[in-house]
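These notes are about the structure you will find just below.
As written, the chain order gives the labels A, B and C, with residue 1 at the start of each chain.
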Amino acid sequence: MSGRPLPRIILLAALMAALAIVRLVVGYSIGWPADRLVLELRLVSVFGAISVGVCLSVSGVMLQSLLRNALASPYILGLAAGAALGVGLVQLGVVPRSVASWIGEPVGAVAGSSLALLLVYRLSLRRGLIDPMSMLLVGVMISVVASALLMLVQFMMGRDADQLLRWMMGRIAPEAPPALVIAGCVTALAGLAISLRWSRALDAAALSDDEAASVGVNLASLRIGMFLTAGVLTAVSVLLAGPIGFVGLIAPHLARMIVGSRHAALLVGAALIGAALLLAADTAVQLIPHIPSIPQPRGLLPIGILTSAIGGPVFIYLLRHRQSGWIE
Amino acid sequence: MHAIQPVSGNHRLAAVLAFTMCLAALIVPACKRAAPAAPAKPSPGMRIVCLSPAVTDLLISLDLGDRIVGRDTWEEQLPDSIPRVGDLTSINLEAVVALAPTDIVLQAGKIGAPPRLEEVARQRGWNLINLQIDGLPDVQRAIGTLVEQLSFAEEAQSREVAAQRAQEFVNEIGQALAPLPAAVTDRLGSIMVLYFTDPPSAYGPGSYVSDILESLGGRNVLTGGAWQELDLERVAASKPWALIIAEPDAGEELKAHPEGALGSLARLNLDCVRAGRLAVLSHPRSQLPGASVIGVAQELRTILEELARKQGPPEP
Amino acid sequence: MSLRLDHVSFAYVHPGDRVVDDASAEAHRGRITAIIGPNAVGKSTLLRLMSGVLAPHRGTVLLDDSDLHQLPARLRAARLAYVPQRPRVDAPFTIREVVELGRYALPPSSRAVDEALAQCELTADAARVFNTLSVGQQQRAALARALAQVHARSDAVMLLDEPTSALDPRHVQQTARVLRASADAGRAVVVILHDLALARSLSDDAWIMHEGKVIASGPTNEVCEPTVLERVYGVKFEFADHVLRASGG
């Protein structure tokens, strides 16, 4: 877009801040929490949602640019499935509980997504460069294999698989340790900063490989760097909230419609939209029990169900109208 | 590649507005609603949040059901007014805080309580009790632990009452589990107890129902794990002498005609089914190790006696 | 001197299947060099080797006596601009944004962008989205991008792969003028051409390629001889009214 995206970015930031405040007001009861602990719990949710939203949407933008494919997302490449498998193996008891304790699952998530990342990377190298098409296909295959293994894990866990199944539905957990959420926030912002440093290279990488190389882009290091950053961001988001679908796919598309395709604006816009989407979804989850006239789920609705149920149709709408740009 | 349409500024603005309105549509209607019944002034005495349906069952049996102020997502027995605060996989900590409990009981076993719950419990001085209930022996142990560890809000008298009730309850369990006379058990063959028919899934040794069956003097046809998913061939090959199918809340109709519960197993035309050695275990909580032990044991006892009666006296 | 190929060989898959086989030639500053040859003789591969995108398996490509492939990507970008036959942009960028990408490794310069747009007669269309354009317009935008890249550098090299293949006659002439102006400014311009008449009228030098080898190089009017062309294309050539024509096999 040739206009100035800054006012729109400010608008998006204001929207995100407003949603954060709404989430602080909405919980088990509605109103500003008098109890400090309750405020802390809601703050953990707010920062959890922002971290996860930023991680997913920034890695979504990177992967879509990297793969020249608007359908790419952290999930397509098998990173989320790898992380989920890692958590599943920890829960199955492959890692002794004494070692695992509460850091077991985070470690499993990061190990799983890193392994998926390593496999995708190794198997899609062609002549020293990552071949986007191979990468996409390898990613889909790794996703399928990891999902099958995860089903095996669930089968072997038998009736103990509840926790794993629940985790797979996605959740912004207020009971997450605050230190973990702070670490997630820092990682998300670091990821955004790193991607912004590369934003001009990402712009130029939209050219054909030959042209991009000839204008001076070091494609090999750009791709490795982006891929690693996207992988770490995905692992962090899976760690904080389980696999949450579609945000990494939708946020970049909405951002393209609103702030244009230049990566500097696109990355910031997508991060804000991703955070806003998750804050809105988390607020909606908290609000449902307050609506007396609808059938109530038992407990809080898993947020992953909400994002997928809304994100899927929205994405099909975007796909059919193709206003946002390039969908091959 | 498809042609790419430039999006005009107006369209982008429209997109921003539409996005904002969608969010507003989600939020505004609900904000008008009143908050859910937030607990009024916490009443004095012990306030339990119980994150396990099985332990809730035990607490009710110990006459402590009225002390429960918050329950597990999947708990079914308590009145609707008791709020659900999540389960072990996802605790709504804010809801727990709002209920101002004195005691939190959960069944996390070796996995342990979620770390953040432990931390908040420490901060707030909640008495956190983690039970492990897998098999039959765990049930009696859990009763002892509850009476010992619940805070009873420093009311020594309440603890005494509960301890007395627990003793009675343990005695009742002992009676319910007393072995059947040899005259009955000698006539029984190996029994398969299914908790699911599609796919056929049965209680193996070490499972709660199998433990009860064995303490009554019955024999489980299966060896191996506690929860076993089988297939029709395996069911046929194990040649059960009798089949018992757990159908929680089965009506009199089904109990009178248990063939209706067979599902895919009907195709096997098993000897035991032809001979009428088939029964339905209708206890609503036979899958929930806990206070149901008495009811399940009583129902199983009746079933085994009936099976023995059909069999007639043992052949010499 | 400017850009020199020194016994360059390259194969995509098996080292035996050489697409470029022991090619040696030199493109000079201030001159337009046409690469001529039938389809699939390795012209585009040769151009990619010269752009530094591909590295030769044997031999070297020398830019002012230094090995092109040893130059850091950013330094190379300041000296060498490359325009592929089918430019591609996988994002809804406008023409202006695409042209600005030419300055990626260089200090931003709106003057360079404005002048490049003006030279390619794209100023009025600068706000249009690249992917909505015809292939011919995309070729012109890519040329403008290359011009912005080498703006104000008289020691630069421009490499173009059939830049006129999708253009109407008016824009062929316009592109020819742009290339001539670049050469006149002192740059070396290397361009793959299929149109032999255009090659003869536009280029100063020509390289004839056949089966991966540069079999003849030198001033165009000396190299584009019917005997050489007949060997390469397998059809007869003759002059008619000073225009070289294929006259059948």
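What we mean here is this: contacts are C-beta pairs under 8 Å (C-beta built on N, C-alpha and C of every residue); 3 or more make two chains touch, one makes a residue touch a chain.
Here the structure is a predicted model, which means the values were calculated and not measured.
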Based on Cα centres, what is the most central chain? A
Comparison of A-C and A-B by number of C-beta pairs in contact, larger one: A-B
Suppose each chain is reduced to the average of its Cα coordinates; what separation in Å results between subunit B and subunit C? 76
Subunit A and subunit C: spacing of chain centres that average the CA atoms, whole Å: 43
Separation of the C-alpha centres, subunit A versus subunit B, in whole Å, is 35
Two-or-more-chain contact residues of subunit B, please, as numbers and ranges. 1, 4-5
Touching at least two other chains at once: which residues of subunit C meet that condition? 92, 94, 131
Would you mind listing the residues of subunit A that make contact with two or more other chains? 1, 324-326
Inside the complex, what are the residues of subunit C that reach subunit A? 48, 51-53, 73-74, 76-78, 80-84, 86-94, 96-98, 101-102, 104-106, 127, 131, 142, 145, 149
What part of subunit A is in contact with subunit C in the complex they form? 1-2, 65, 68, 200-201, 203-204, 206-211, 213-218, 256, 261-262, 324-326
Subunit A contacts subunit B in the complex at 1, 3, 8, 11-12, 15, 19, 22, 26-31, 35, 37-38, 41-42, 97, 101-102, 158-159, 162-163, 166-167, 171, 173-177, 254, 257-258, 273, 276, 280, 283-284, 287-292, 298-300, 302, 322-328
Please output the residues of subunit B touching subunit A within their complex, sorted ascending. 1-2, 4-5, 7, 9, 11-12, 15-16, 19-20, 23, 26-27, 29-31, 33-36, 38, 73-74, 84-95, 97-98, 110-112, 114-117, 119-120, 123-124, 227, 229
